[in-house]
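Given below, in the form of structure tokens, are the structures.
Presented sequentially are two complexes of subunit A, the first with subunit B as partner and the second with subunit C.
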Partner chain A sequence: MPESPMMIGRVTRCSTRGFVGAMQISENALPVFGSLCQAEAQGGRSYVVGLVYDISITDDQFARQLAGLDEVPQEQIADGQLNRQVPVEFSALAVGFHDDDGFHQSLPPQPPLTLASVFSMVPKDGIDFTSELHFLQMILNAPQLPVDELLATTLRLSAQARPEEERERFLLQAGREVARLLAQDLTRLENILRGLRAKE
Partner chain B sequence: MSDSSELNAYFGPKRDERPLGIVLDGSLSTGLQVKLDPRYAIEKLAVGRYIVIQSRKTGSTFFGIITDIALGATTPDLLHHPPDAADTFLLDVYSGGVAYATLHVSPMLMLDEEDDQPRPIKTIPSHFSAIYEATAQDVARVFGEEDDEHFYIGTPLDMEDVQVNLDLARFVERSSGVFGKTGTGKSFITRTILAGIIRSGLASTLIFDMHNDYGWSVMDESGREYKGLRQLFPDGRVSVITLDEATSRARGSKFDGILTIGYEEIEPEDIELLASLLGLSDIQTGALYFLYRRLGKKWISKLLDEQYEEEVQNILESGRIVGGTLGAIQRKLESFIPRMGFLVPGEGSKVVTDIFQRLNIGTSVVLEFGNYGNTLAAYVLVANYLTRRIHASYVHQKNLAAGKKGEEPRPLVIVIEEAHKFLDPSVAGHTIFGNIARELRKYNVTLLIVDQRPSGIEDEVMSQIGTRVTCLLDNEADIRAVFSGVSGASALREVLARLDTRQQALILGHAVPMPVVVRTRDYDQRFYAAIGIGEPIDSAGSKQSGADKLFPD
Partner chain C sequence: MGIHLPSLLPQMQELGQALYERSLQVSAMIPKAIKALHFTAELDHSELQSKIKKAGNRWTGAIPTEETLNLTFPPPTAPQSLHVIGADGSQIYPDRHAAAFYYLINIGSIVVSHGSGKAPTIQQESQLFFELEDLYDEADHPVQNAYVNLRRDVAEMKILAEIAESLAGEQTLAILDNSLLLWMALQTGGSTSRETDLYLQQYLKLLDRLRSSKTGLAGFIDRPRSVSVLALIHLAGLPDDQITQETLRLTPFRGLTDRAIFTKLLPPGHRSPLFISASPLNRDFRTAGHEVHFFYLNTDADGSVVRVEIPTWVAQDPELLNRVHAGILKDCQTTGGFPYTLVRAHELAVIPAQERAAFEDMLQRTLLGHGLRPTQSQKALTKQLTGQRKQHRL
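What follows is the complex of A and B.
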């Protein structure tokens, strides 16, 4: 179990390829697009590693009515954002799992069950997980996802989690791995590589 | 625990654990394609470097040479849409991945621990086998230790502590060649090798020294003086015989005899090789035999001297030869023979027997041409004249030995320069030099040909050259000729074309376990000392041991 992880929600839908979590948390605690999270599975014997690729907030009747007003009182806005009838949903792509042998970059043997706790991944575990880059292929293979942005953001966040002196080397290594995987599509590759350095 | 420097001193330096690259493609005949590890800078590698390939599946070790270096890309799009040169991140990412370097490697030998010596390869390493730069130990294991039969000829490029040793027994066993453009150091390398052969006692040498490079001291372009073979072996292992006494004396050269050839000793076969140099047509060359038959041993004198005009006139009247042909032969011989001071009326110095005897007791003979070296026809005439007769003596001696009526003749290496004049396709088929090159060691006589135009030498003869020591050549035809009859040679062309103009040579063939580019050893005081000036000679012993080593039963 990672040290001092923050719980960010509970699983509402899931499969071995990913899961959807929901939460009732503040804006500051929202997971970030491209960040890594972990959901308990197999009765606590393992954790599925997920990569957040979508965060959605669906409407409810009360919010729709408030939105129609000319002026919404600040108290109502705060209440609508914090005490929501429908929680914020986030979707995560399964890119690995953690068990007694450490991290594995492959699909988990079993998905987390409904209402399993989802935690953000602490930087130390994030660095550990991304020390191997086989999971990049799983991102590239994911259908109907904003793959290129997800790839670039994940790697950029992973670099930022590292000590400053290691960041450039990591990005170079990651960039080479992406180049290896996308060697036949230079235009796409170049876009992703530019994304890697976008907010360095 | 010992530190790494102590361990290195005992075991030799450890191989770099990071491979240069991995084998991706290739074949036994064309060599291997290796993808360079992106962490290595391509600029630090060079053709001619040695590598070791560790087979991934069997653990076998292959030894080879880098023969080409290339750049590649996983997609042709990269050529059309290269990254921005200012974007260093993109350039760094692409380098080694999308854009990569490859090495072309020719595996030559297998170096398994259980084998005493490297073995020629009959297979290639499997896919993804790792290649490493060869250590000094690896190279030393291939080229062995210097001993009586292995002569230190130079060092591999970038490995000054490793000796490349020429297997002299194998070198003299077959005809060999030293090739290279003018000014690339052919004579120095040849002299170095000859010193090794003479010191080893494996064979006698007969050197037709066209430019006075071998016998006595010689100066290079900068005016520095170097010792000749006679000075390196003042104990009698080398004799100098001159054709030009005056020049030899003027140069301060010590000589042991003067060669003169009598007109009566010259045969049509001696003149035939000069046909192109004297401008003799085929008909005129054919007529030489007729004239010799009709005029007898004194045929040259009779053709040149007016007092025999009547006898010559009788031949004309016989109708077997036309006046124009006879006149042309007389004019052409007249323009050449009387100008050569070593050609004398009557009988000459009977030097053939003397030279044969010297050679047969283990003395090498340098034939110094003096100023006659500037006349190619003189050189060709003398080399052809002596070689034919010495070879005949060897054949006779060998036949006696076969019949248990005499001793085996001592192995002989005949050194000729401007070899293409003797081994030109139009003449090589019927000259003594062509025969010697083709008959291999049959009569214990082999050639060491020194030439700047190997493309001028007949293909069949070139294919019989056992060991080729090649300095820089840049003519395409010459490069092709040097590699004729050598399997996998195409890969070495790049190596040859990139030799330095000085003191570098590619050695391949019979006397080395694999092709090797060497920086030839310096011909200086240290070389003189290593050769051991004044070492006593046991001619009888070394003669027998030389013959035994070279031609075992």
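What follows is the complex of A and C.
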């Protein structure tokens, strides 16, 4: 895993609840669903921590025309994926921020500004951020998102970022927190726990 | 308030009826034109040349070459690896009603290396023209749009020449989305000013560079409206003593185009024989060793017939001629008979409305930053205001 943050895009739309970023990047540099990222805010004094919940590629009629053919030359596929001005767009839910005092699991005081750089979060920072689990409540409260899948994937990725001997302990702790938060909704709780177990 | 659609309805009906009747007339002409083409092909070459000479300098038909007129030429084998360069340009014309008097030329280019599997190389070049010598001609008149077109066409050819030189020694084809003859651009107010001539000479020197780099050069004209081959077959049918400007004008093929007859004659992938353009503009090109030849080409199984223009050094080199023929077909395979490189060059060159608005905002901020007050003319302002009105929908 990379130890230095990789730039994955620039902010195009934003609010304190989240932000949308876009960039022309290669397939292997695409952000991953459920991964953590951070965008510069307050003139560099803080970073908004985002959780990637949607990745989309803008509609394009020319690409659609080529996609309908039996065979497309490799040069044209590479052109479509690397050169054409069709940026990958990703949406992130704000789940915290980082300032001089470290990570906080609450909505940021200010959103990042348009064109602010968005970086993937390095594993060390990811472990640090997920050592507290208050952000799970923010995910569960987010409207119109694939919340259950997002929660399970985030916890799985956070476990994988940890040393092998710590993973089970982290998942147990996270499972207990989810159980506490969803004590009134056992069906959803079962779904999320099943999602966690299936992908362990 | 826009178009008054109710009053146009009767005219629309008339238009539909007129086009339908014309299509019937044109369809009836095609067999006659094809028969006349076969007749022309049977004529002795020297006899045909004598008729062309008699038609005079003002005749703008197609001059035949040594290739038999009613033959078609099947697609040659395309090279395993081929670099196809495409260039296209767009512009913002000078506008005396705008906040500043300037114009902008934007050129997009692409090199697709067929057979490499690699992503093409793309390039965009934008240039702003605002100096007095750019904006006013020798008589101190503001430059016309045709003059901007001329500079744009030269800029397109310059990019093609530069890229072709960087690929010298490799199999390369350069395609321009236009006629090679600078025909449109040279309509600069009907005058051939010193500046126009200067750009023509620059353009011809760029063709020299493309020839030196042994590049297959082609001007690609989609859906051509040309009637020069029809003019030739009309001329061929006239007895020598009846060739006058008047009889040359009275063609029986009025309303028909060369494309219509070659759509019937050319199987997919085949090209027509080569012709030479009799345009007066071609004299300068001939003097410089770049006389423009052309052929028609069926680029698509659906019968998409285009006109391809090539300089004489491509026409006379079988390897380069085959490279142009096969290379264009290869480049058209996925894009319905129009070259992929030109689709992409256009995409890179075009200035979308949003980008133009962003550019104009930037211009206004720059002017303000220099203490200037950017003002549009009252006409431009009122057009903006009335243009924003939306029709109410129930």
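The rule is short, and it goes like this: the second predicted complex is superposed on the first by the 194 of 200 C-alpha atoms of A that agree within 3 Å, B and C clash if a C-alpha of one lies under 4 Å from a C-alpha of the other, contacts with A are read in each partner's own complex, and residues count from 1 in each chain.
Quick note on the criterion: contacts are C-beta pairs under 8 Å (C-beta built on N, C-alpha and C of every residue); 3 or more make two chains touch, one makes a residue touch a chain.
Keep in mind that what you see is a predicted model, and the values were worked out from it rather than measured.
Participant: After the alignment on subunit A, I want to confirm one thing: do subunit B and subunit C clash, or do they fit together?
Facilitator: Partners fit side by side after overlay.
Participant: Tell me which partner A:Ala179 touches in the superposition: subunit B (first), subunit C (second), both or neither.
Facilitator: It touches subunit B, and subunit C stays clear.
Participant: Tell me the contact category for A:Phe62 with respect to subunit B and subunit C: first, second, both or neither.
Facilitator: The second partner, subunit C, only.
Participant: According to the stated criteria, A:Gln81 is in contact with first (subunit B), second (subunit C), both, or neither; which is it?
Facilitator: second
Participant: For A:Val72, select first, second, both or neither according to whether it touches subunit B, subunit C, the two together, or no partner.
Facilitator: second
Participant: Taking the superposition on A as described, I'd like to know which of subunit B and subunit C A:Glu190 touches: first, second, both or neither.
Facilitator: In the superposition, A:Glu190 touches subunit B alone.
Participant: Treating the CA centre of subunit A as the corner point, state the angle out to subunit B and subunit C, nearest 10°.
Facilitator: 170
Participant: Looking at subunit B versus subunit C in the superposed three-chain picture, what is their shortest Cα distance in Å?
Facilitator: Subunit B and subunit C, overlaid via chain A, are at closest 49 Å apart by C-alpha.
Participant: Which stretch or stretches of subunit A touch subunit C in the complex?
Facilitator: Subunit A residues touching subunit C: 62, 65-66, 69, 72-76, 78-79, 81-85.
Participant: Over in the complex, which subunit A residues touch subunit B? Could you list them?
Facilitator: For subunit A paired with subunit B, touching residues are 171-172, 175-176, 178-180, 183-184, 186-187, 189-190, 193, 196-197.
Participant: Touching residues of subunit B toward subunit A in the complex: what are they?
Facilitator: Touching subunit A: residues 38, 74-75, 77-78, 81, 83, 89-90, 92-94, 96-98 of subunit B.
Participant: Quick check on the complex: what are the subunit C residues that touch subunit A?
Facilitator: 112-114, 116-120, 122, 333-336, 340, 343-344, 347
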